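In the two complexes below, subunit A is the common chain; its partner is subunit B in one and subunit C in the other.
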Partner chain A sequence: MRHGYFRRRGAAARITARTYVAFVLVFLFAPLLIVVIVSFNPTPNMNLEAGLSLRWYEQVARDPLVVAAFGRTALAAVCTAVISAVLGLSGALGAVRLTRSRWRTAVFTIPLIPLAFPALLFGVGLATFYHAIGVGFSIWAVIAGHVILAMPFVFLIMGAALERFRFSLLEAARDLGAGTLTIFRTVTLPLLRPAILGAMFLSMAISVDEFVIAFFTAGSQQTLPLVLYGRINLGVNPGLNAIGSVLLVMTMALAFLAARSSVLELP
Partner chain B sequence: MSEVPPPVVQLDRVTKYFGSVTAVSDVSLDVRQGEFFSLLGPSGCGKSTTLRMVAGFEEADRGSIFIQGLDVTDKPANKRNANMVFQHYELFPHMTVYENVSYGLKIKRVPKSEARSKTEAMLETVGVGGLGSRRANQLSGGQQQRVALARALVNEPAVLLLDEPLSALDAKLRKRMQLELKTIQHKLGTTFIYVTHDQEEALLMSDRIGIMSEGELLQVGSAREIYESPANPFVADFVGNLNAFPLQVDEIDGQLAIARLGEGQQVAVGVTADIAVGSLLQVAIRPEQMRLEHPAGRDESLDATASGAHGCVVFGTIGEIMYLGPLTHYLVETPALGRLVSQQLSERQGTRFRSGDHVVLSWEPEDGFVLSDAVGDAGGTP
Partner chain C sequence: MTLATAVLSRGVEDSLPPLRHRARERRGHISTAMLLAPPTIYFVLLFVVPLMVLIAYSFYTYQNFNFTAKLTLSNYAQALTNPALRDFYFRTLKIAFGVSIAVVAISYIFSHILMYILPRAKRILYFLVLVSLFGGYLVRIYAWRTMLGRDGVVNSFLVSTHVVSSPLSFLLNSNFAIVIALLNFLIPLGVLPIFSAMQNISPRLLEAAEDLGASRIRIVRTIVLPLTTRGIRAAFAFCFIATMAEWVTPQLLGGPLDQFVGNQILYEFGETLNWPLGAAIALTLIASVVVILGVIFGLLRLVTRS
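This part shows the complex of A and B:
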């Protein structure tokens, strides 16, 4: 279909399409590529003839601040994924069974609000809110914010999966003697697993490189993006590129896993 | 009379509302041990809802349901000794055929070796012996149907509930599965409650049939009873085809009410209640009970009718002729009774009758029956 589209539109369309692709490639991948290349550079100044080295990775790995931040980032990612998956799945399971359309619309729309809400305002608001209710800034405060950010995506993925879900299969399981928990374990969960995994990987990807909310609510318990930002103020150091490359690989791997489990395996 | 075995399933004045709609109204029913019982009716008549109440998927608003003498009215579906074959099979797509069929046994913690032998034996019984390791979604419609049957039957339920299980199959396969279902039921001796809107299917397969309309159970009986002595106009019309017409009684002769229609035409019909001369009856006759002849061959019987015999004779003109393969339907316009349909075996070389032919329709008085004695109903059916 896409091929036919291009063929009909002729040369002009071909040029604009190629320009668009080139633009994306240059501005998205070129900066990332430079970060990765430089991170393997043995000299502090960018020098492509100096060969390859893991020097900066070793330096970063010995840095207790970076290691601690890496641990927190991983913790935040896992917790965000688990919490938003549980909340998203139970919410979506309840929502698809609502028959009154007004409630249904409300329940399906409210979790999507963070999509349209400026992250900066949300970060400031969240920090003020924590302060007002007397909750200290910590990695847990960050996780709560990340769950809110990830929720729209989880809800959309789960909602799409549940739209196609045959609830009559649950009746069949009950008819064969299964109780509610057994039905969930043996039918609901296995059938929704691709969607759940996809939603979890996506939540992790969102959490791993999230900056704004972490900036306002992490307090002293900095995550990797915060450390990266902090170090930039001390001047560009090749170690930053190593941290950046690690973040990049993590995010891309998670996004890839998310796409593979939820999009490619579902139909 | 042999002793009647106790009912496996008993419905006692069961009623179900959906909002303000009465889906099932005051249905009482006994289904006997080992019986193939069909619930037959048009869509929306409450037959599926009744079945789902027996299964435990719908709660009865009033009345009680018993399975093997046990009151299960308030028990959930997983605590009832009944299993269901769903209209769209509802096989678990993430499991193999074997896993699907052994699911119920696994839930009941049947020992593995026993579960294995039971599952394999049941797969053999329903004719999908070699397919155990296939995924449920790699099967054809007919195979899915068999697996769904095996998955329910392997639990050895007191009653197997089937909700229009053949409706998704094509005509040919459907006919085959009808016979196979009947064979399997006979072999295992399981009680079947079978929901269908297909009257032919119900007549073919059932030991007894319950006819439902608008939430009410209108009549329960064997196929022959339902077909030959329908309890009311709806049953008569729904099962098989029917010619129905109002008739004014001119003469009572014992158990026969006779209407003279002029020019040697008359209709006689058996009546049980006291019918007065002059009352209006709604009378019905099945198309296959009507003889169709050219008038030339019937001169002497016309005389016989006139001289006091009780045969039924009506004159008419053939309109449409509908060829249905083995059978042909002739639509006959009669001045006396309106349009009547006569069903004849098709003839090999064309037909003796053509559209426009003047014909004589005749039948025996015992083949017709009175639909209702109510005079008010008489105008209802043309």
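This part shows the complex of A and C:
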């Protein structure tokens, strides 16, 4: 397993390395753990001896604003996933048919632009766009923006899946007399199912977690991160940790599901 | 946004599916266009056009909390010459530089340890870093308020262990808090491209260098570093862009004097309703980011070549 380079590292070097890695990981996870721990704390102030309580979760669950925002977040996640899956799959199926390498490079490069593009710029751009065409801000305006963020991932995941796809199966189906639609329904779709599901879970995770686009385009139809933001500005309220934990669990669960569908492959 | 760095660092050419030469290609032209059309139209309509509209708005005239389609260059004049805005620029630039360099350094050491010192644990450790990416952008920033506040976790700990006699006030609403929070969400994004660049280095190359008697430092300097420059560039560029356009972190964790250019853009859009000026600042910002990155990478290329 282990190749020669650095094989002779001594115990001291390994201990230093382990300490460094541990420090970085603790630093990365500390804020997440704190939010979850404090959310189960019965007193408003951080107090680890006070025991556990679901008080803040009950308070948050009875809050109509939070419940409505939760519903909108779920709606945005599902719609983003469905729309970006359809568009991304369509694009990827078209892209793998291209034979000219110049076209292929363009088609696989352009979707990467929104990934590195600052959300702030895209957010204000969308806001001015909706203003210019006279469309009001709403959850649908947010979804339209989230699709732009999620579609590149779907496209890339689908492109990678199609790389392994055995196109000879389609020819076999055609030789056996199946029509284009039948082939798509009975061969292409079932074979691509894990990739499609994984891409949809990832899209949902992106949408649930997204804040900046929603901030500029949601108007009064706030999503969960927007409610969290609004209340942070109002001052510290322990219920916020419960909202934060719910958001955390949602995104992490979706990311985990996406990873299980072998989307987040380790290099 | 998150996995982008990995893709970018690997390079587009490497991640392209293989070319397929198929007999029926000619017949397929129409349906290929039909398949590519829906996402392309969507992309143009909701990404390209909005940016065009933003550019158009940046030339509009603002008057009395309203703006009209009378074209003017005064927004750009203001965006470029306003001395108060210049302070915002330099402050943001300073932090973006510092944070990006720190992220690259920390991520590089981290990836190097994973690859070459603790290789048996690298998969699980890398997976943990990936998982922390999904910790929620806003939740994470908010968490630092709980951690760094006057009655926060860090201060409680420091006071109860008698390291300090009274809570430290500089922890929150300060540059310190902003930098900590930025490092916290950017390190995974730095590790991603750098680690995947290191993964692509053939172990045989390192073995050969070692067999030929190169020291560890020499191996790092002459093989590992040159072969990971793409990853380093991607990590740096990503952190730099993200920090330059950041506004949530300074808003929630910084003091009134620590705000970024992004906060000024937000102010123009939300408070003064001077959208044309906000748009002009935003576009100047992205243009300056592109120029600065171009200059940095150009200089780096000159330095490494000589």
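We take it that the second predicted complex is superposed on the first by the 241 of 267 C-alpha atoms of A that agree within 3 Å, B and C clash if a C-alpha of one lies under 4 Å from a C-alpha of the other, contacts with A are read in each partner's own complex, and residues count from 1 in each chain.
As a working rule, contacts are C-beta pairs under 8 Å (C-beta built on N, C-alpha and C of every residue); 3 or more make two chains touch, one makes a residue touch a chain.
The shown structure was predicted, so the numbers you read here are calculated from the model rather than taken from an experiment.
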Item to check | Simultaneous placement of subunit C and subunit B on subunit A, clash or fit | outcome: fit
Checklist outcome for this item: Rounded to the nearest 10 degrees, the Cα-centre angle subunit B-subunit A-subunit C in the superposed arrangement comes to 100
Next on the checklist: A:G235 in the overlay: touching subunit B, subunit C, both, or neither? Say first, second, both or neither.
Outcome noted: neither
Next on the checklist: Contacts for A:L115 in the overlay, against subunit B (first) and subunit C (second): which applies, first, second, both or neither?
Outcome noted: second
Checklist entry - Is A:L169 touching the first partner subunit B, the second partner subunit C, both, or neither of them? => result first
Checklist entry - Is A:L191 in contact with subunit B, with subunit C, with both, or with neither (first, second, both, neither)? => result first
Checklist entry - Taking the superposition as given, does A:A178 touch the first partner, subunit B, the second, subunit C, both, or neither? => result first
Next on the checklist: With both structures fitted on chain A, tell me whether subunit B or subunit C touches more of subunit A's residues.
Outcome noted: C
Item to check | Minimum distance between Cα atoms of subunit B and subunit C in the superposition (Å) | outcome: 6
Checklist outcome for this item: In their shared complex, subunit A is touched by residues of subunit B numbered 55-57, 76-78, 83-84, 86, 88, 90-94, 103-104, 107-108, 151-152, 155
Next on the checklist: Please output the residues of subunit C touching subunit A within their complex, sorted ascending.
Outcome noted: 1, 3-4, 6-8, 12-13, 15-22, 25, 28, 31-40, 42-43, 46-47, 49-51, 53-54, 56-57, 106, 109-110, 113-114, 116-120, 123, 125-140, 142-147, 149, 151-153, 156, 183-184, 187-188, 195-196, 199, 203-204, 206-207, 209-211, 216, 219, 237-238, 241-242, 244-248, 252, 262, 265-266, 269, 275, 278-279, 282, 285-286
Checklist entry - What does subunit A use to touch subunit C in their complex? => result 1-6, 9, 13-14, 17-18, 20-21, 24-25, 27-32, 34-35, 38, 45-46, 86-88, 90-91, 93-99, 101, 104-105, 107-116, 118-122, 124-129, 131-132, 144-145, 147-149, 151-153, 155-156, 159-160, 162-163, 167, 205-206, 209-212, 216, 225, 228-229, 232, 236, 240-241, 244, 247-248, 251-252, 254-255, 259, 264, 266-267
Checklist outcome for this item: Within the complex, subunit B is touched by subunit A residues 166, 168-169, 171-179, 182, 186-187, 190-191
